[in-house]
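Report on one structure; see the data block that follows.
Per-chain residue numbering starts at 1, and chain names A, B, C and D are given in the order in which the chains are listed.
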Amino acid sequence: MMTPEEYRESLKRMNFKAYALGEPVEEPTEHPLIIPSQNAVAATFEIGQTEDSCSALGSCASHISGQSISRFTHTHRNTQDLINKVKMQRELGQRTGTCFQRCVGMDALNALSSTTYELEAEMGGESNQRFMAFLEHVQQNDLVSDGAMTDPKGDRSKRPHQQPDPDVYLHVTEKRSDGIIVNGAKLHQTGALNSHEIIVMPTMSMKPEDEAFAVSFAIPADTKGITYILGRQASDTRKMEPGTMDRGNVIYGGQECLVVFQDVFVPWERVFMCGETRFAGILVERFAGYHRQSYGGCKVGVGDVLIGAVAALMDYHGLSKVSHLKDKLVEMIHLNETLYACGIACSAEGYETPSGTYEISQLLANVCKLNVTRFPYEIARLAQDIVGGLMVTMPSEFDLNHPEVGPMMQKYLACSSGINTVCRLRMMRLVENITIGAGAVGYLTESMHGAGPPQAMRIMIGRQADVEYKKSLAKRLAGIGSVVEETCACS
Amino acid sequence: MMTPEEYRESLKRMNFKAYALGEPVEEPTEHPLIIPSQNAVAATFEIGQTEDSCSALGSCASHISGQSISRFTHTHRNTQDLINKVKMQRELGQRTGTCFQRCVGMDALNALSSTTYELEAEMGGESNQRFMAFLEHVQQNDLVSDGAMTDPKGDRSKRPHQQPDPDVYLHVTEKRSDGIIVNGAKLHQTGALNSHEIIVMPTMSMKPEDEAFAVSFAIPADTKGITYILGRQASDTRKMEPGTMDRGNVIYGGQECLVVFQDVFVPWERVFMCGETRFAGILVERFAGYHRQSYGGCKVGVGDVLIGAVAALMDYHGLSKVSHLKDKLVEMIHLNETLYACGIACSAEGYETPSGTYEISQLLANVCKLNVTRFPYEIARLAQDIVGGLMVTMPSEFDLNHPEVGPMMQKYLACSSGINTVCRLRMMRLVENITIGAGAVGYLTESMHGAGPPQAMRIMIGRQADVEYKKSLAKRLAGIGSVVEETCACS
Amino acid sequence: MMTPEEYRESLKRMNFKAYALGEPVEEPTEHPLIIPSQNAVAATFEIGQTEDSCSALGSCASHISGQSISRFTHTHRNTQDLINKVKMQRELGQRTGTCFQRCVGMDALNALSSTTYELEAEMGGESNQRFMAFLEHVQQNDLVSDGAMTDPKGDRSKRPHQQPDPDVYLHVTEKRSDGIIVNGAKLHQTGALNSHEIIVMPTMSMKPEDEAFAVSFAIPADTKGITYILGRQASDTRKMEPGTMDRGNVIYGGQECLVVFQDVFVPWERVFMCGETRFAGILVERFAGYHRQSYGGCKVGVGDVLIGAVAALMDYHGLSKVSHLKDKLVEMIHLNETLYACGIACSAEGYETPSGTYEISQLLANVCKLNVTRFPYEIARLAQDIVGGLMVTMPSEFDLNHPEVGPMMQKYLACSSGINTVCRLRMMRLVENITIGAGAVGYLTESMHGAGPPQAMRIMIGRQADVEYKKSLAKRLAGIGSVVEETCACS
Amino acid sequence: MMTPEEYRESLKRMNFKAYALGEPVEEPTEHPLIIPSQNAVAATFEIGQTEDSCSALGSCASHISGQSISRFTHTHRNTQDLINKVKMQRELGQRTGTCFQRCVGMDALNALSSTTYELEAEMGGESNQRFMAFLEHVQQNDLVSDGAMTDPKGDRSKRPHQQPDPDVYLHVTEKRSDGIIVNGAKLHQTGALNSHEIIVMPTMSMKPEDEAFAVSFAIPADTKGITYILGRQASDTRKMEPGTMDRGNVIYGGQECLVVFQDVFVPWERVFMCGETRFAGILVERFAGYHRQSYGGCKVGVGDVLIGAVAALMDYHGLSKVSHLKDKLVEMIHLNETLYACGIACSAEGYETPSGTYEISQLLANVCKLNVTRFPYEIARLAQDIVGGLMVTMPSEFDLNHPEVGPMMQKYLACSSGINTVCRLRMMRLVENITIGAGAVGYLTESMHGAGPPQAMRIMIGRQADVEYKKSLAKRLAGIGSVVEETCACS
């Protein structure tokens, strides 16, 4: 396993083609907009380390090599693994207060491990063999993978093969003896520029006509032909300012990219699916399922940070005993723990697939994520209620450092309690970050749309709940069938 | 283990002193108000039977005798036991569509098993020995126990020993060589008249001055000096009418009693706590915790019935494909499964106590129950939305059977779809039962107040969540401590 | 205007054909199931009386005769009339704690006054003349009218004229020189048996092919061929028991009937619409709009009673100062007043129609009613939270009066505070009545479905809000149109 | 009345001492962070202009001079004025999509008009005379006033006169023959730098000991001794970047300042309250009441913009007919109109004070604002649900203009429908602005805390609702008083 420092060094050796704010990025590891997001990924290299108090969460034994590996490169062997995954994610959410980006790769590895197994078992070929070789490579080198799924989709009323511009779904444009050529793009790529590998998967289930679009593979993230364009986040340029206070989260941040593939070559040994349309939907559903489980951990950890920030401000304001504020704090905790309960439950109810990899309960994972599209917003609202309006009206750190107005701020924005005014303001900025700033991208909007929008969960929930069985329960208790026949004699 | 029939027979042999609607009840097992509630308890004797498809949930091996026993008499040995308990409860909620009453006894046994163990370990005496003998008796005879906790409490601003009438807290009025005499009452006793034994516990934590009130014991439910007064439920007398349709739930129902103890004698071998005030609060907290977990199973099962009833009515009405109705049905399922997730999660996160009995996660069990005080109400509201207003405006079964107006109802209340009109009306009555009738007592009001009111959960959640740790997380990310000192130099 | 006593006498002179619980009802005014509902209608005859403190709300000057009339027979002449209507309804909801049933007639009169005016203006005939004569008759005799709209509707996928059994929509089966013959039924007829007149209206907008179904008229409620079948309500038979406590509301109740029309003759002078299909939808929309406004008054009044009951129980329990309970009480008030605000606002934003009758704001009236489908449920949930579980576990009034168990109840269900135990129990029964008993029919389920189900409001809200205008606002602020063109040059 | 251009010119003539981002602001009217907020205030000078379609809302006749004046300088003479105020605010919210800042001054004028009237009537002096002279000055010169209320408050457990640093409450430090000297600060001063006058009011009710703090006056905003420090908002520096797209709202923005008073001189003719502690609370309550009403207009207008933006994106995405999205759009409208209904209702229920100025219904204005602390958050959540995650992952306008990556964005972020991709992205940025950017300061956090935090409304609602009367209603219906006596004979 790599240390955080080795991870940073490994990234420096890569050769990305990237843009941010309309400028080429020469060295991502030195770009102030990107550094906080790399810090967050680096935290995933701390948690597996033996000296870390949570090393048991962050590392585990590889079922391939038997060696100790990062849980982020592991495929789950039992329900305890699934539970530990969620606990590790909560821990990292607590440490970083933001999205630490490495879960999409973990979830992609797990989804591929069982899907390629079944694909190869049913259709022959080398899908699973290739994947297992890739997995071993990832485990041995402790690599970060970007799990790339969402295509632009173009005209939503048309299937992939019907699109005027087929590139709106990433697809195979040429098959060669040594590999394939692909074109297209992936949206919303969390942490892409911080990854060693990109694992591409189809964006949805495919029909036989969409053969060229049923493609899955993994390649190094700096492969020729790939362009990264950094997405913009609320208040992002505060990361480029001198000072740290106004960033809110002084260490960590998230990252989203638009990733474009232009005539990118993928060697056959890295191709896991190429035209087996029947397995596209299975892969998508499993990846989405794992990722919906993930949110029951990582967002809960960020919620813990927000709860802590609010509780600290209650202390600073001398209001820790005020009944209605305590009540709101408990409500924040309650909602946050409900999300966690869903993450744990869909893990505890997991089951083994033929590959030996454990799946989560799809029903409960979708329930988990649907709650995640709601509760963080309410938690954020309660946080703003408790901390007060100063969060959005206070002047900047520049003013605080100014010889004339700085003392005015010190005088008039002081706490009651011997607490350094700067601490109050810093804590407010952290709450701002998570509820209305750069951190809100991950804590709110990503909670809404990451791993699919709410309607995707609703469809899965309707499908997974056995409504027919529930009808039979009701009919028995209403005396239908036994007391009266359901169908009219007359009809 | 007893069969349902043997259970009914065993009750007939008991000699209760009971009242219902102002009349003495000669034979509870033949009273039309009580029979449905006995049917519900009897269902707990089906689920453990080997021929039952869920026997693995309903029965397990006794850790005392090694023999197969009902899970209702078992003390949980591992987290899988805790999970299976919740699954058994969901299954029974599905079968009965109501409260099946036997959980309070199971939860009392478990709470006593660890509490008496610790009490005896710390204070000496025979507390745990006596309890274990009682447990063996319950297991071998497959008995139903009423777990009796809630005292009337009188003046809430006064402690037990300060009450003008001390009987408002059940207490020891005399200690004799062969046992104790107790007086008082227990409110809200679910299924009391269907029980073989009553297990009495204190109603809350006690202080040294409240010694006489820190009392726990078990006695046969028909012990001399105990009077049962049946509580009244919405629409209860429909159970006494001819016909079954208007009952809604044609087989099952709940039961609540006011139980009065007048100079009741308890032999020492059945006394588990008598003055050890320090353990009163521990016992209460553990019992409440188990019972808050329980609601993540039983109420979910009733929710399944309600969802099924609503889905069946959508079929009957030819509206199964209507988008906004499907959406509401999915919302009902989502809320119901969120409760289940909480029930499972607090079980999966359980841990062993020194006695070997497993405790649930108190934090998540309280989160579970707090959600139970909310979601069933919203599920019921959505049910009423989907099924339509006829549920509360339709005439009675008497009218349906009347030669002149019956055909009018058949003509004008018919479904579109060849479905027997009576089935539509019966299904509506089932929804009425659960949302605004006798079943709503268990599904709604008991969801609110059973195992304690919402505020009790809020206090526990605030206490169990490690807010100090969360503050430290936030301070690190805001740069407090590292970048600036929290306390003013000046202060 | 009639006195309450005169109203009761006037009903005795009528000759209804009615059934309740499968038995013919000889004299509705003496039937214990019906008396409480007549008491509620009678309250509408108190509020207009000069000695009543609210006579200004209950009575006003007829724009026809100039005489003082009941507001229930008035057609609104200005926005103050609309506001006063809502205030009168709140007042009556407060007095009766239930549905007082006379609003449907008032709303039907108002909807017909403007619709028949426009119908006659456009299509000729005597529609408005006949209606005005009827209105004068109603005003002069201070009559109660049932506004009958909802048809059974049969197969919802078919239009009225396509139904296998056309009777599922009330319709004209014969036109004669002196009048028309109609057949069909009306569901959910609130207070029908307490009315002097029935005003029939179509159930929805009609197409030209549905000519026979576009029919509106008024006839005496005891006209030959009309049969009333009383609907059953939760806990309704408590009204037939001796004693009053268990009823909860000791004076008032609601009433719903299934009303069947078999070859009923309507003379032409009472026919307001007969085949003018284009006006059916207009009439429905206006009636529904007024009735959705109504709920912003009457249900608020019932909410006031529930809030008062809960506040009284907080007093009785000695808990009036407990912070979290006070907070919940304020939430109940807040939700209740939000409904009232909607009722007032849709009135204040009313406008004059060509007939001189004032219409409400359709947008805000639908917003009002959509909130009514939600907030009373939450208010009821909060009420149950505050008052405690005893509400559903307490024994009956029969037990309270029993020489042996009555004193036990007195002893163990006593309040802390010198309050008569019976008062506590009576108040609990009132809360039970409104939240889970006979009163819940009106306060909850009728709030959901009366004046149309939630989806009907959603459709109207979507239609009434000028979304196109809102889009133009957003485009201007986003710089679309000014800074960039909306349509691609390329497309 | 001034034109927008005259307004801008008038500001240029002022001589503010101001800071932004740690730098002195030489000329606020030319500072890119401030210009958008001045544009928003300037819009208030358009709406009163005769050529404007809404001039009837924006202007009215002065009751002093009879001349046409801006409604922002008017004191309300009747309920229609109160209603028109709300309508004007909605209109301006629609036009600007942000806080237009001039309401605090209007609300301060109205609150002072009645409070000074009563103060002078009771205590003598010239309070009202001075105020009326000031009002005439404001009306004749069409001035913008900042209504300055919120003090820093220091240690919340201490009264003003007990504070170690008395400056944490603005107060009189010297009384001179020609006027008073004041010191202190006001937080959260919306639009302060865009104002001609500052109207200072006490921050809360005062006790006799707090005499020095019961001070109210008006002075030119550029009076010597006043320092303005601009607050920082999410994504504020986007306003300083070239390009307009990433701002979201390309024209308008809000403004908040910390305003510090150092030995500021106020001539007696501008002092409205100086030591009359009994009237401090009345003034605060009235100002807060008007301002809570205001939010039922302005925030509704911003909500209209957000609804329009979301609806436009549904068009762009070709998803306008998708059932679940339409349903969410209707929910946004429903919540928004509920806020409006509360704004209208508290106006329609207004009443005249002795001064002739109309007060709103305090109960309903507080209900209005309490809903405003909730619904905009849910509206924003729904907006994010509908528009999709691209809102927070899309690259910047710089990238869009870049020759290499710009075409990639055009290709891969295109809409399906011939719509210019830039329009899609601009509209997304507008939604970002309002829900997670600079606009969210006004639409969300200010909705929470402006005019007081939620708890302030809850206290007022509890106080204004006549709970005792509601108790009496419940007692009558439960038979308490008539059937049984409330108090025990025995007690």
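Quick note on the criterion: contacts are C-beta pairs under 8 Å (C-beta built on N, C-alpha and C of every residue); 3 or more make two chains touch, one makes a residue touch a chain.
The structure displayed is predicted, hence computed values, not measured ones.
Compared with subunit C, the chain whose C-alpha mean position is the greatest distance off is A.
More inter-chain C-beta contacts link the pair A-D than the other of A-C and A-D.
Computed from the mean C-alpha positions, the centre of subunit A lies at a distance of 50 Å from the centre of subunit C. Averaging Cα coordinates per chain places subunit A and subunit B 39 Å apart. Put simply, the C-alpha centre of subunit A and that of subunit D have 38 angstrom between them. Counting partner chains per residue, subunit D has residues 324, 327, 458 touching two or more of them. Subunit C meets subunit B in the complex at residues 19, 21-23, 152, 154-157, 165, 167-168, 185, 187-188, 227, 229-235, 237-238, 246, 256-258, 260, 317-319, 324, 373-374, 377-378, 380-381, 384-385, 388-402, 404-405, 408-409, 411-414, 416-417, 432, 436-437, 440-441, 444-446, 448-450, 453-455, 458.
For subunit C in complex with subunit D, the touching residues are 83, 94-97, 244-245, 248-252, 304-309, 311-312, 315, 326-327, 329-330, 333-334, 337-338, 340-349, 363-364, 367-368, 370-371, 418-423, 426-427, 429-430, 458, 461-462, 465, 467, 469-475, 477-480, 483-489, 491.
Subunit C contributes residues 323-324, 327 to its touches with subunit A in the complex.
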